[in-house]
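In what follows, structures are represented as structure tokens.
Both complexes shown next keep subunit A, but they swap its partner, so subunit B is in the first and subunit C is in the second.
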Partner chain A sequence: MRQSNIGWLFLTPATLILFVVGFIPFIYILYVGFFDWNTNAVDPTLRWAGLQNYRNLVFDTTFLNSLARTLVFAFFVVVSELLLGYVLARALMADRLWGRQFFRTIHTLPIVVAPIAVGATWRLLCVPGFGIVPYYLKLWFGIDYNISTNAYHAFGTAIIMDLWHWTPFVTLSLMAGLTALPKEPLEQAQIDGGNKLQIFWYVIVPMLKPVLLTTVFIRLMDALRSVDEIWMLTKGGPAEATRFIGLHIWINVFPKTDYGYGAAMSLLTLYVTIVLSWLLFVAMTGRKGGAQ
Partner chain B sequence: MAGIQPQKPERDGFLPIRTNGFDRGFISAVILILVHLLWMRFLEGVLPLWVATVLCLALSVFIIRKG
Partner chain C sequence: MNSFVKAAGVGFISLGIWSSTALAQDSWWKTAAQPYQGATIRGISESTPASKYVEQVLGPKFTEETGIKVEFEATSWDQMYDKAIKDMEANTGIYDFVYIEQDIVYTYLARNFLVDITKSLADNAKIASPDFKPENFTTFVNYFKDPKSGNVMGVPMEAFIKPYLYRKDLFDDPAIQKAYKDATGADLKPATTHDEYTQIAKFFTEYGADKELWGTTVQASSSHPAAFYEFFESVAPTFGVYNWGIDGTTFAATEANGGQMNSAAAKKALNYWVGLLKYAPPESTSSTWDEVAGTFSAGRAAQGLVYGENAAWIATDESKSTVVGKVGVALPPVEAGVMEAVASGKGYIGYYDGGAFGIPHSSKNKDASLLFLQYIGQASVQTDWALAGSRIVMNSTYDDPKIVDQDKKMNGYYTLMRDDGKLFAGAPPFPFHSQVLQVVAPFIYKAIVGEIQPDDALDQAATAAEAELVKLGYRK
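Then we have the complex of A and B:
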């Protein structure tokens, strides 16, 4: 009993902070979501709207398209970063790789750059008529690359930018996980005659599951709330080709000051994020029922 | 070891995964929100929203007890 009290005592500061910065804002957003509140409206006070914000949401094609676009973006970046991160982690762990330490340092640098600076840099690289990417793509391959007018180019560039920024994080996580793996099961699998693919799928992946799960969660949640990088790169354009959900909410809450509707959108996005994360958790931990 | 809490019991119900009480409450809440959103989008013109609420609450009780 005494140990339990001491445990709670140690947890109190963290719990208090979480309560103040996490729980109270959540309750406030939940509250605001039931009101029509726009500080630029004729009546700038909170007016009770009930479920009207949510009712509007399910008919708002711009919001639903943004949500779908964000899910596609998140799928592409998370899967690509995981694959690329694993390959890089294995490469950086190989003893034969010359200049391994140097490349490891260089490769990790994008993580420390602020997202807004990443967006600005990529904008400078890709801006039509000025950036080196469109210039050389035209010169070498004859590709008319233009993120300001071509939706596919803008969307693809947003994905590549995210890969550049966050693959090193995945690499580092997987490297930490791979380094911590016990050697015995791998040696045993080799002695038993398993090929590389079998060892990877039946030995490494199951043992790496906690690290994979954590990494995927972090990246998925980050990808679902990308704002600043995209804002700097394309401002959500051309048209709405890169208006991801975070950016859409930002546009509604800040320039349009539609707080009630913004709160409802935020909550629905949170709902989607939690459900996706939970489904992923269930799928990856294999919590099967019945026959197990 | 006195400070370590025992894990919440998991069980096999009609749901396709092993669940504890929290899981079943969570699944009920997720379904409740989803059904209300879909109802507002497709059915509210025909049937009022409280029908969805009643159905979801009944389903929640069933999931929590038998899931």
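Then we have the complex of A and C:
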């Protein structure tokens, strides 16, 4: 009992902070989502709208397209980063790799760069007319690469930029997980005649699940709320080709000052994120809840 | 001896009068600023040549004279609005003076964001500088007056028109003139109609195929409001479509309801403008006003509509521009009949841009900020500021010999602004500026990248604009 009280005492500061910066804003957004509120309207006060904002969202093709686009983006970046991250982790753990420590350091550098700087750097690299990427793609391969007119080029560049920025994080996580794996099950599997693929799929992956799950969740949630990098790279364009949901919500809440509708969007997006995470958790663990 | 004494006496008296006047002038700011010694005022603005002059020259000078420290943040256009509006909405009081662009002033006034400068100075005569006279400003100051009281709510800090710049060296080159005549049958001169402009753009694109030279700039970022602004504020008016095509009384945008946003003239304008992309350098679809100036200054375009804030450095600053001494200035090309309509007071042919500094209601240093705004509103600081930022907000500045000299180097930009500035206009007085912009702009972006046709883009934009205006309660 006494131990339990001390535990709660230690938890109190963090709980209080979470309550202030997490729970109160959540309740506020929940509240605002039930109103029609735009400070630039003829009537700038909050006007009760009930569930109208949520009803409108279901028919708002711009919002739905934005959400779908974000999910596609998240799928591509999370899967690609997992695969690339695993390959890099194994490569950087290999004893034969000369200059391993040096490569580890270099490889980790993108993580420490601020997203806004990453976006600005990639924009300078890719801007039509001046960037070196379109210049050399044209010179060497005859490709007319243009992120301000071609939706696929912009979307692809957004994915590659995210891979460059966050794959090192996945690599580091998986390296930590792989390093901590016990050797005995792997040796046992080898003795039993398992080939490399079988050992990977039936031994390594199950043992890595906790690390994989954590890494996937972190990257998924990050990918679903990408704003800064995309804003600097394409500003959501060309047209709306890279207007991901975070950017779409920002445009509605700030420049448009449509607070009620923006709040509803935020909540619906949060709901989608939670459902998606839960489905992923179930798929990866076979459990329906009660993560341990 | 007698005359020597007299002369010496007169000399001493003159020196005394001069020094006492000088001291009195010096000491007015010090005396007025005495209660605010050591205070720090914070301002935010878009990073423009004129703003940078405030940051690097006027701010430090003011600090030197008054002891009030000025912290000035010159940032991007988007960030400036984001930060300033959030600060004023939340009443946090981070900023003591903010940049008010001409097109956003109606929103700020509608939301009571700004301190009434006229009233504040009348209420506190101790900080009312004798050198600050609102009547000295050009008529541009009227945009920053409260329509009800007529009081000044912002001190103009920059104003310019968006002229038609062209490469005088190319247009005057006899060989190029001959080639143009051979190719088109017409004489090469600055365009006065859209057909001429397109023809010149096409010619120079072909001529410059191996020279990194294109026919025109186009401010057609496919994801930045700059594209919306160039089309609705600089191009559509030259086709006779004003105020974004929105009726100022019924707030109708569609032609069916009495608006003009999707009228035949508007559609012709958008087709013309999007069509120019064929003759523009590849960066045009990612160009805002800054990139357009960069393109022109790098010698990559033969002509273009370029914001006046960039005209001076493009024409005179060799450290930044490759076309110094090669820039011609003219009025934008217009559709037949538009100039006559404008002359009769029915419209305008382009954007009269600029901004002022105002004091947010949330400021915690209003009096110190009032002193600063008056300091930058003195006639004596205007000339050097104009030289640095090609901005003129006071009538007297036009006649300063330094400005007359710079005007010659700019091939008459200031003369054009003074004589023909009346043909240009600021943004329409819409308090819903940002809301309609955000709704309409995506359709312009889609037309730029070819996702939809310009005609469809305007039909959809007009419908969406009306729906937004109904939602906001302006249109019944």
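Brief remarks on what is shown
Everything below uses one rule, namely that the second predicted complex is superposed on the first by the 287 of 292 C-alpha atoms of A that agree within 3 Å, B and C clash if a C-alpha of one lies under 4 Å from a C-alpha of the other, contacts with A are read in each partner's own complex, and residues count from 1 in each chain.
Going forward, a contact is a pair of C-beta atoms (placed from the backbone, for glycine too) under 8 Å apart; a residue touches a chain by one contact, two chains touch by 3 or more.
All of these numbers come straight from a predicted model, not from anything done at the bench.
Subunit B and subunit C, once both complexes are superposed via subunit A, fit side by side. By the touch criterion defined above, A:Phe281 reaches neither subunit B nor subunit C.
Residue contacts after overlaying the shared chain place A:Phe10 against neither subunit B nor subunit C.
Of the two partners, subunit B and subunit C, it is C that touches more residues of subunit A. Contacts of A:Tyr136 after superposition on the shared chain: neither subunit B nor subunit C is touched. Of note, the Cα-centre angle with subunit A at its vertex and subunit B and subunit C at its ends comes out at 120 degrees, rounded to the nearest 10.
In the superposition on chain A, A:Phe254 contacts subunit C only, with no contact to subunit B. In the superposed model, A:Ser148 makes contact with subunit C only, not with subunit B. Across the superposed structures, the minimum distance from subunit B to subunit C, using CA atoms, reads 20 Å.
Every residue of subunit C that touches subunit A in the complex is listed here, in rising order: 81-82, 85-86, 89, 107, 110-111, 221-224, 281-286, 295, 300, 431-432, 434-435, 437-439, 442, 445-446, 448-451, 471-474.
Across the complex, subunit B is touched by residues 1, 3-4, 7, 51, 54-55, 57-59, 268, 271, 275, 278, 282, 287-290, 292 of subunit A.
Across the interface of their complex, subunit A is touched by residues 2-3, 12-13, 15-19, 26, 30, 33, 36-38, 40-41, 44, 49 of subunit B.
Looking at the complex, you find that subunit A touches subunit C at residues 36, 38-44, 62, 127-130, 134, 146-151, 234-240, 251-252, 254-258.
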